[in-house]
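Next up: some structures, all given as C-alpha cells.
Below, chain A partners chain B and then partners chain C, in two separate complexes.
This part shows the complex of A and B:
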C-alpha cells in the first residue's frame, strides 16, 4: 500500500513539473491571445444588420480552440523526454529513485492536466462570447464537449509520448504526430469506404488501418454538435468513448515504457 | 594653409550627415519607384488594386468561395451533410441551397431521403458507434434562424464576386424568410455591379420589387432588362438556360395580366412557348387561351345603354 502511495506521489511530482512548465512557457498565452483576437474581430463584423448571428462565431472559435489545444498538447509532450535527455536532468531524476515507468506516466499525466487547464480557460472564454450573443448556453453540452476533447487529447499525448522515444528529434515527432492526427480527423471515418473501392492488397491495408487507428473524429464531431445546438450525447456513449480513449492511452503508454526502459540514455 | 588637423575638423560635419542623406536618397528612390510601379502592378493583377484577397489568394479564392457556399448549405441543414465519400448521387451545392427557391417540396424531400438513407447505413461497429457523436438528423433552419447562413454567403461573395448564385440565394433568404428586402436589394445591387450582364440577378431584383415593394413598373423594367440580357448571353448557345427564360417570361406575363395588359401578357407567353422554355407547355397553352378569351372580352364593344 505504501509503495503504491509513494509511486503516486512520485508520478504526481513529475507531472507537477510539467504543469509548471506550461505556465512558464509562452505557447499557451500566445495561442490564447490569437484565439481571442480573431474571435473578437469576427464578432465585430456586421452581416446584413443581423445582430443575433452566432453559429459562425462558435464555429470559428471552436476551430481555433481545437487547433490551439492540439498545438499545446503536441508541442508540450514532444519535448518532454528529449529535453530531459539533452539537459541530462534525466539522470538525477532516475537516481531519486524514480522508475522509468513512473517518469513516463508522470510526463503523460502532467501534459494531460496542463492541456485540461488550458482547455478550461479556452472554454470559459468561448462561453462568455456565446453568452454575449445568445440568451443561454447548455452547461452539460459544454461539459461533454470539454470532457471528450480532453479525452481525445489524452490519446494524442500518449501517441506523441510514444513518438518521442521512437523518433530522433522532437521537431520530427511533433510534425509526424500533427500530420497523423489531422489525417485521422479528416479521413479516419472514411478509410473503410475508400477500401471498398480499391483493389485487393490496398483494400486490406486500408481496412486494417481503419480498425487500428484511434478514431479521433468521434470526439471532433462533438464540436459540430455544440455549434449546431444539438441534444446531449447519451451518457453511456460518453462513458464508452472515455473507455475507448483510456484503452488507447494504455496501449501507447505501455509501448512508450517498453521502448524507454531499454533505451540507453547516455549520448 | 590648413593643417591636416583642420582638414579633419572641416570634414567631420559632412561625414556625420552622409548616412542620413544617403537614407533620404534611398527613401526618395523607393517612393518614386513605388509610384511608377503601382499602376503597372494593378495592370498585372487586373484587380485595380485594393483587393487584398485577390493579391493573396489569386484564383484560389474561388475554391474558398465555393467552400463557403457549401458551408452555408451545411448550416442550413444543421450540420447533417453527406461528405464526398457518402454522396453517390451528384447534387451541386447551388442546387441544394437554392432548393427553397427552385424545387417543389416533394422533390426536395425525395433528394434528402436518398442522401440521409446513405448516411443511415453504417458498415461496421466503428461507424455505428461514431454515429452517436455525429449529427445524423437533418433539420432545416427556420423561424428566423436562417440568418446563420448569411455570414458564409457574404464571405463567399467577397471572395468571388462573379459567383451569381451567392447573390440570388442570399437575397431569397433575406427578403422571403428574414423580412429584409432592403438588405437583399443592397446585396443584389453589389452583385449587379460585379456582374452587369447577369440576367439571374435582374430576375431576382425584379422579384424583390414585385413581391416585396409591389412596384410593378420597376419590376417590369427589371424583368425586361433580364430578358434582353438573357437574349444577349444565352440565345446563341446550343443549350441555353431555358429555366431562367421560363421564369422571366412567365413572370412578365403575370405582371402584364395583373395590370390588364392582356396583349402584352399573350406576347410573353408566346415567347416562352416559341423558345420551348416551359417544362409544362400544355399548362402554358391553356393559360394562353384564357388570356386570349379575356382579351376578346375586353376588346368587345360594350352594349349600348338602354334609352
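This part shows the complex of A and C:
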C-alpha cells in the first residue's frame, strides 16, 4: 500500500512539472489568441442577415479548438522525453527513487491534464461566444464534447509518447504523428470500404489497418452534436468510447515503457 | 601504440575507517557496450571491478577520460544494468529504485528544468522523496542558504549563470539529507570561490558522518578532501588506498602517481626517444 502511495506521489510530481511547463511556455497562449481572434472576427461579420450564421461560427470555432488542442497535445508530448535526455534532467531524476515506468506514466498524465486544462479554457471561450449569439447552451452536450475530445487526446498523447522513444528527433515525431492523426481523422472510417474494392493482398492490408488503428474520427463526431444542437450521445456509448481510449492508451504506454526501460542513458 | 600501464595496486591492505559498514559494494563488475555496427565487437568499459566504500569516508574515484568511472557510476545509479557482477548501496541491489532513497547525486554539467524557479525545483525533488510539506520547506530554505541562492530562489533557472546552476544542482542533491552523496565532477565549471564552497560542503558532510563518492580531474582537490581513492584505467582498478599512504609509498604527489599509473611518463619518454 505504501509503495503504491509512493508511486502515485512520484507520478503526480512528474506530471506537475509538465503542467507547469505548459503554462510557462507561449504555445498555449498563442494558439488561444489565434483561435479567439479568428472566432471574434468571424462573429463580427454579418452575412446577408443570415440567421444560421451561429452554426458556421460554432463550426469554425470548434474546428480551431480541435486543431489547437491537437497541436498543443502533439507539441507538448513530443518534446517531453527527448528534452529530458537532451538537457540531461533525466539523470538527477532517475538518480532518485523513480522508475522509468513512473516517468512514462507521469509524463503521460501531465500532458493529458495540461491538455484538459487547455480544453476547458477553449470551451469556456466557445461557450461565451455561443451565449452571445443564442439564448441557451446545453451543459451536458458541452460536457460530452470536452470529455470525448479529451479521451481522443489521451490516445494521441499515448501515440506521441511512444513515438518519442522510437524517433530520435522530436520534430520528426511531431510531424509523423500529426500526419497520422489527421489521416486517421479523414480516412479512418473509409479504409474498410476502400479495402473491398482493392485486390489482394492490398485488401487484407487495408482491412488489417482499419482494425489496428485507433479510430479517432469516432470522437470527432461529437463536434456535430454541438454545432447542430443535436441530442446527447447515449451515456453507454460515452463509456464505451472512454474504455476504447483507455485500451489504446494502455497499449501505447506499455510500448513506451518497454522501449524506454531498455534505453541506455549515457551521461 | 599500446603501453602497459604499471599496475601498482596498493600492496598494503586499504585502510578503512573505524565504522566499517560498506555503503557501496561492487563485486566483479563488468560493463560492456554492444558494438554498434554488424560484426563490431562489444566494448568493455569496466573489467572485474571490486570496490567497497565505507560509511563516513570521502572517496575519490579517479581515472582519465574513458577509464570507466562514468560507467561504474551509471551502474551505481541504476541508469544501466551491469553486464556481469553485482553492485549494492546500503546492502540493496542498485537495480532496485529504493536503493536510491538515501542517495544524493550531482551530475557533471547538468541543466535543470529552466522554466522552474530554484525553490520549485527543490520542491519537486522533495515530493519525489515524499518529504512532508513543512519539513520540505525548512530543507529548501537551508539548502538554498547553504549554496547561497536565497536571493535568487524566485528567479527562473533559465536566468542562472553556470555557477549558479551547479550550485542548485548541489542543493537538489542534498534535499533528501542523503547518507551517500555521489558527485560527478562537482567543481567543473566553477570559479575558485565556487570550488572552495564545494570543498567546504564536502568536508562538512564528512563531519556529519555522510559518505561521499566523487570523481574529479582536479587532483589537488582530491588530495585535500579525500580519505581514500581508487584510480581506474582502461576499466581496471589500478590503485586503491589512503591518499596519505599512497603519497608516502610512492614518494610523489598524487598527480605524479596518477600520471605514472596511466602510463603517461612511459609514453612521454618513448615519444622523446623517438
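Rule of thumb we're sticking to: the second predicted complex is superposed on the first by the 263 of 267 C-alpha atoms of A that agree within 3 Å, B and C clash if a C-alpha of one lies under 4 Å from a C-alpha of the other, contacts with A are read in each partner's own complex, and residues count from 1 in each chain.
Simple rule for what comes next: a contact is a pair of C-beta atoms (placed from the backbone, for glycine too) under 8 Å apart; a residue touches a chain by one contact, two chains touch by 3 or more.
Since we're looking at a predicted model, the values are computed, not measured.
When both complexes are superposed on chain A, chain B and chain C end up sitting side by side without clashing. When the two structures are aligned on the shared chain, A:16 is found in touch with chain C, with no touch to chain B.
When both complexes are overlaid on chain A, the residue A:89 reaches chain C alone and has no touch with chain B. Contact with chain B, but none with chain C, is seen for A:45 once the two complexes are overlaid on the shared chain.
In the superposed model, the angle subtended at the C-alpha centre of chain A by the C-alpha centres of chain B and chain C comes to 150 degrees, rounded to the nearest 10. Of the two partners chain B and chain C, it is B that touches the larger number of chain A residues.
In the superposition on chain A, A:241 makes contact with chain B only, not with chain C. In the superposed pair of complexes, A:198 makes contact with neither chain B nor chain C.
Between chain B and chain C, the shortest distance over C-alpha atoms in the superposed arrangement works out to 39 Å. The contact sets of chain A with chain B and with chain C never meet. The part of chain A that touches chain C in the complex is made up of residues 6, 9-10, 12-13, 16-17, 20-21, 24-25, 87-89, 91-99, 264-267. Chain B contributes residues 75, 78-79, 83, 85-86, 123-124, 126-127, 129-130, 132-135, 147-148, 150-152, 154, 174, 178, 180, 183, 187 to its touches with chain A in the complex. On the side of chain C, the complex with chain A involves touching residues 33, 70, 73-74, 77-80, 97-98, 100-101, 103, 105-116, 120, 124-125, 127-130, 169, 172-173, 176, 182, 184.
The residues of chain A lying in touch with chain B in their complex are 45, 47-50, 52-56, 148, 189-190, 192-194, 210-211, 215, 217-219, 221-222, 224-225, 227-228, 230, 233-234, 237, 240-241.
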